[in-house]
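Next come two complexes built around chain A: one with chain B, the other with chain C.
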Partner chain A sequence: MYRLFLLPTMIINVAVIFIPAILTIVLAFYRWDGISEPTFIGLGNFERLWDDRIFWKALKNNIIWTALFLTFPIIVGLIAASLMLTVRRGSTLFQVIYLIPLIISAVITARVWQGMIYNPQSGIVGLLNRFGIEVYDPLSRTATALYGVAVVDLWHWWGFMAVIFFAALRQVPQEQIESARIEGATFFQMMRWVLIPGIMPTIRLMMVMTIIWSFLVFDFVYVMTQGGPASSSEVLSTLAYRQAFYELKVGSAAAIALVISAFGLVATFFYLRLQRKEGEE
Partner chain B sequence: MTKFKLCKIGVLLSSMLVAAPAFSADKTVNWWYESANPQQQEILSKNMIDKFNVSGNGHNVVIDYRGDALTQQLRVALLSGTGPDVVQTPGPAFVASMARAGQLMPLDDIAANKGWEDRILPFFMDLGRFDGKLYALPKTYETLGLFYNKKVMADNGWSVPTTITEFEKMADEMVSKGIVPIGAGNSNWRPANEWHVTLALNSIAGPDNLQKALTGEMSWTEKPFLDSVNALKRWWDKGYFGDDYFSISTEQMISNLAEGMSAMAPTGSWSFGDVPTYFADQLDNVGFAGFPSGEGVAYPIYALGIGTTFSIASKAENPEGAAEVIDFMFDDEFYTAMNNEWQGEWNLPLRDLSGIKLSEDVLPEYTESMAALASAIDKNQYGYTSWTFMPPNTNSYVVSGIEEVWLDSISPEQFLAELDEIFQRELAEGKAFEIPAR
Partner chain C sequence: MNVVESRNTVIVSYFVLGIAAFTALFPLALMLLNSVKSLPEIIANPLALPRDTEWNNYANAWKYSRFSHTFLNSAILMFTTIALVTVTGSMSAYVLARKKIKYWAVVTAYLLATTTAPIQLFLFPLYFGFAYLGLINNIFAVSLIYCAIYSPFSIMLLRTYFLAVPKELEEAALVDGATPWQVFYRVYLPLVWPGLLTVALIVGMYTWNEFLIATTFLQGQESRTAIVSYFLLSGQYETNWGELMAGAVLVVMPIIILFVFLQKRFIDGITGGSVKG
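On to the complex of A and B.
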């Protein structure tokens, strides 16, 4: 009887996750324009992606994006969280401030940065240029467009990491921190030997989630550059979106979605393995 | 609660129930519209909803503003058998696949019944036919041309160029004087790239060659197209597009033109909608002309585009109502009312415009440009916009590929070779558009 309690969740999971996931996997082996009858083409979509230079560019951009998000927000988030733990005064206020960028809609954040900061006419970049300080809109250059978008997403994201780490740090046994202090540990020694090992499971989880989220990134890139200029900021999800909805290549877009999922699965696999290892220890 | 209050509520509820059938007697017609700002929504509401719903035809129209992702939402909705009664697509190329998949209703009987053939220009009716049946009517026809700042041109002794040679000579002078010759930007609308490709293909390769390529009679790698793309690349390298193309929005493009930062802005007739905002008290300074033509190509060539089409969903809950809504729009009164207040988006292809008298507040350049376009069609001097006449994947490649040419990721030859490969594949798959004979 108690199994009936599982039913609502099961129905939602099957309808919202399982069926679309299966359909996506199946569609990756079909040529389909999203409207007419699909045609089975085996590995045709994957073969075409293999030869598509934009796909490789997008994949490379996703890897760069992942590397950026695995380092900067985690390091800065850890430092900010440990500072909030050490200097308790005002930590609630700082948590609110850190979270503000996260609660603003991604589209608004992106438009504000694009129009009021980066824009060479209406933004701060334009203002600096008028004062004779030569800067350019990073979104307008192929070498910097991806990083220009990443800066905005990092600004919006790192505070969330800080708050998560702060919540985890508060669970570290107070006795360990106190004894480290009595032993005369410096801030970095405290971080290295007490705090970071104490919240390692949280850091690991956040790293895995970061890898998954980084391969799903879409909103900031789509709003700010739509993958341009010259596909320099294209990522897999914007490429899949363009193929599905503009080029009517739904099968190919499904193949890209599988590639995105594969990276997430690999990350999840390693996370579960680590978790099991920890459990055994 | 007192008995008296309960009685009052009871009476109120009963009167609502009695009155309900009176409200629901008219059948609802659902129409999903693309994005429109609050002012535009008010204009549409005033001239469409308010008038249609009291016309006594037994239908009430409801307009749902779906934003820029209307097409994507429509695809999903029609596939699942839901969606609006009035189907608004961004052009005939989108209609083709929907019609072939049975998602749209053939309109031949309704057209005959309502006399649409007599009221709508035949050329545009033909663009809505697929496999011998009528599936769509064009909402607005549009063209690309050269907006220019008359004051900047006069102050510098420049006149509107009619040939590519004159255009390049003048543009070189503009660059040397720090004026951007081609005021343009794509930061908010990446497909703005295709306006420039369309202009170059029509004005340099010419519409005859373009028609051959679009029907598969000629390869995209042929010299006329290479000359067109080489010209675009040359203009980019010489700085005609300025330094901020990827940062400027389409609104800033018109604003810069008004402020004299740029002298010319190649864009579409829809930009007339932005002119009053940015030119404000200097409306006399805005000019519009055909884009200069290359050697051997007549001047001016106006590339023809259909911004939007109307169809009826095959699973529409109220197809009669949808037909009434469409019919309501192809009318002198509606045409006049919409074009008086919202120029560039409601240029319905009515066959006879002699009964139309637009308000004196409407820019004369707008009226003249529309007359010039009609004359160009009449004289066979019309061209083809990429978004109307190219199949979806080819069109998407034009938008992304030209950026790669400009920024040296690929050569013009490679761009055309890839364009040709994509087009031939779509042609073989039956996705290419049926181009009417010239």
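On to the complex of A and C.
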């Protein structure tokens, strides 16, 4: 009887995620344009990716992206969360303000930054130029396009980390904070010896999720640069999307999807192992 | 109580938190300010206050993005998804929280695994499958996709609300001869509604903002969401940034107003499950 309660969830989930995911794994070994009969080509898609310069560029960009998101939002989030714990009064207001960028659609955020900040005519970049300060639109150059997009994503993202860490910090036992305080700990000593160790499981979970999410990044890149100029800001998910829907290389896109998933699996595996070790201690 | 003793630490803390708040709000202030300026005024100085308030920007943005139509599409998509997720999700959360079935651990593990699955892992076959079945540009079919994607985390969130209900209530109802469905509907649902509201808010926000699925499956003029329509408009011809910012304000307003009024529920939903005790 109780199995019936699960049925709607499971039917929808299996039909939308599980079956297509299995088909993606199969498709990765076929050549398919989405219309005619698929042809089995073994590891052909993967071999072609191995020789594809843009694939490696996209993979490298995902790794840069992961490194940026493993450091900047986590450090800023930790500092902001500890500061909110320090001042207490007003922490709700700060949380609300920090979360506002998160609740706005990536499409809107991207356009606001493109028009109001980066744009050399209508944006802050243009204004600075007129004051004689040499800055340029980072999205227009191959060397900086990826970072230009990353700044916008970081701006929208770090508040989430701050709020998560703040929620975790409030669960650190008061006695620990109190005794460190009586011994006259400074803010940074408090962070180093009490607060960060106290929320280490949450920090670790967020780092694993950051690795998984960094390989999924799509919206900001697709809206702001479409992976350009000259593929300089291409990431795996935009590359797969372009191959499937613009170049009609669905098999190759499926192979890229497997690469993306593999990174997520590896991250999850290490996380589970870490947790098991912790359990043993 | 303060974490650290020194008064100076508190002052410096407020200062740093203030800078962070300024950074978070600055681009949005520019959006709001320039949404009522003409293009020449924006180009002259994006930071200046408007000389003549250009309310026309809003009327034009509303017209060009066909918001009277696309807002309705977004709203239908949002409410269908919320209904699907809360109904199916609460039933599953009840069964998994109270371990009513033998394989609850397997089902939980499967649902957790799908939360981290990249959309690209199932997007391409799903698209061609939908095309084969003639479901492209069908808003209700797309709400099924959202339901599948947003259900697992909704179930995990709702599970904690079900766990908080005392078991004795259920046992008493069963002794009185209630059926499983009556227990769920009469005993649990009235007690877990704050969880349902939280899930509805978060799922509503995600659906309103979602881009990748919407732009792939809802391309037709008649079925576009507000976000997709805004994306297409802003990518076209020479750009009147004043109108584009007005359009942006229109799209984000519903979400920001809901968020400010119900922030506690939003924050509970956003942080739910992410904090490890």
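Keep in mind that, in the parts below, the second predicted complex is superposed on the first by the 270 of 281 C-alpha atoms of A that agree within 3 Å, B and C clash if a C-alpha of one lies under 4 Å from a C-alpha of the other, contacts with A are read in each partner's own complex, and residues count from 1 in each chain.
To be clear about the criterion, a residue touches a chain if its C-beta (ideal position, glycine included) is under 8 Å from a C-beta of that chain, and two chains touch if they have at least 3 such contacts.
From a predicted model like this one, the values you see are computed outputs, not experimental measurements.
K.L.:
Mind checking the superposed model to see whether chain B and chain C fit together on chain A or clash?
P.N.:
clash
K.L.:
Looking at A:Gln121 after the superposition, I want to know if it touches chain B, chain C, both of them or none. Which is it: first, second, both, neither?
P.N.:
both
K.L.:
Which partner does A:Asp33 contact after superposing on A: first (chain B), second (chain C), both, neither?
P.N.:
Only chain B; A:Asp33 stays clear of chain C.
K.L.:
When both complexes are superposed, which of chain B and chain C contacts more residues belonging to chain A?
P.N.:
Ranking chain B and chain C by residues of chain A touched puts C first.
K.L.:
Which holds for A:Ile75: it touches chain B only (first), chain C only (second), both, or neither?
P.N.:
neither
K.L.:
Check the residue A:Ile103 against both partner chains and state whether it touches chain B (first), chain C (second), both, or neither.
P.N.:
It touches chain C, and chain B stays clear.
K.L.:
Return first, second, both or neither, reflecting whether A:Leu272 touches chain B, chain C, both chains, or no partner chain.
P.N.:
neither
K.L.:
Just chain B (first), just chain C (second), both, or neither: which does A:Pro229 touch?
P.N.:
A:Pro229: touches chain B, not chain C.
K.L.:
After superposition on the shared chain, which partner residues are touched by A:Phe245: those of chain B (first), chain C (second), both, or neither?
P.N.:
The answer is both, since A:Phe245 touches chain B and chain C.
K.L.:
First (chain B), second (chain C), both or neither: which does A:Gly264 touch?
P.N.:
Touch partner of A:Gly264: chain C, not chain B.
K.L.:
Once both complexes are aligned on A, which of 60-68, 330-338 or 420-428 in chain B overlaps with chain C?
P.N.:
Clashes occur only in 60-68.
K.L.:
For chain A, which residues belong to both interfaces, chain B and chain C?
P.N.:
After superposing on chain A, chain A residues 34, 115, 119, 121-122, 245 contact both chain B and chain C.
K.L.:
Which of the residues in chain C come into contact with chain A in the complex?
P.N.:
Residues 1-6, 9-10, 13-14, 16-17, 20-21, 23-25, 27-28, 30-31, 34, 39, 42-43, 45-47, 84, 87-89, 91-92, 94-96, 100-101, 107, 111, 114, 116-129, 144-145, 147-149, 151-152, 155, 180, 184, 205, 208-212, 216, 227, 230-231, 234, 239, 241, 244-245, 248, 251-252, 255-256, 259-260, 263, 266-267, 270-271, 274-277.
K.L.:
Which of the residues in chain A end up touching chain B in this complex?
P.N.:
Contact set of chain A toward chain B: 33-36, 54, 114-115, 118-122, 137, 139-140, 142, 225-232, 242, 245-249.
K.L.:
Which residues of chain B touch chain A in the complex?
P.N.:
Result: residues 71-72, 75, 78-79, 97-98, 100-101, 103, 186-187, 190, 243-249, 252, 256, 392-393, 395-397, 400, 403-404, 406-407, 409, 431 of chain B touch chain A.
K.L.:
State the interface residues of chain A toward chain C in the complex, per the touch definition above.
P.N.:
The touching residues are 1-3, 5-6, 8-10, 12-13, 15-21, 23-24, 27, 34, 76, 79-80, 82-88, 90, 92, 94-109, 111-113, 115-117, 119, 121-124, 126-127, 155, 159-160, 162-164, 167-168, 171, 174, 177-178, 181, 184-187, 190, 201-202, 205-206, 209, 212, 215-216, 218-219, 222-223, 237, 240-241, 244-245, 250, 253-254, 256-258, 260-261, 264, 268.
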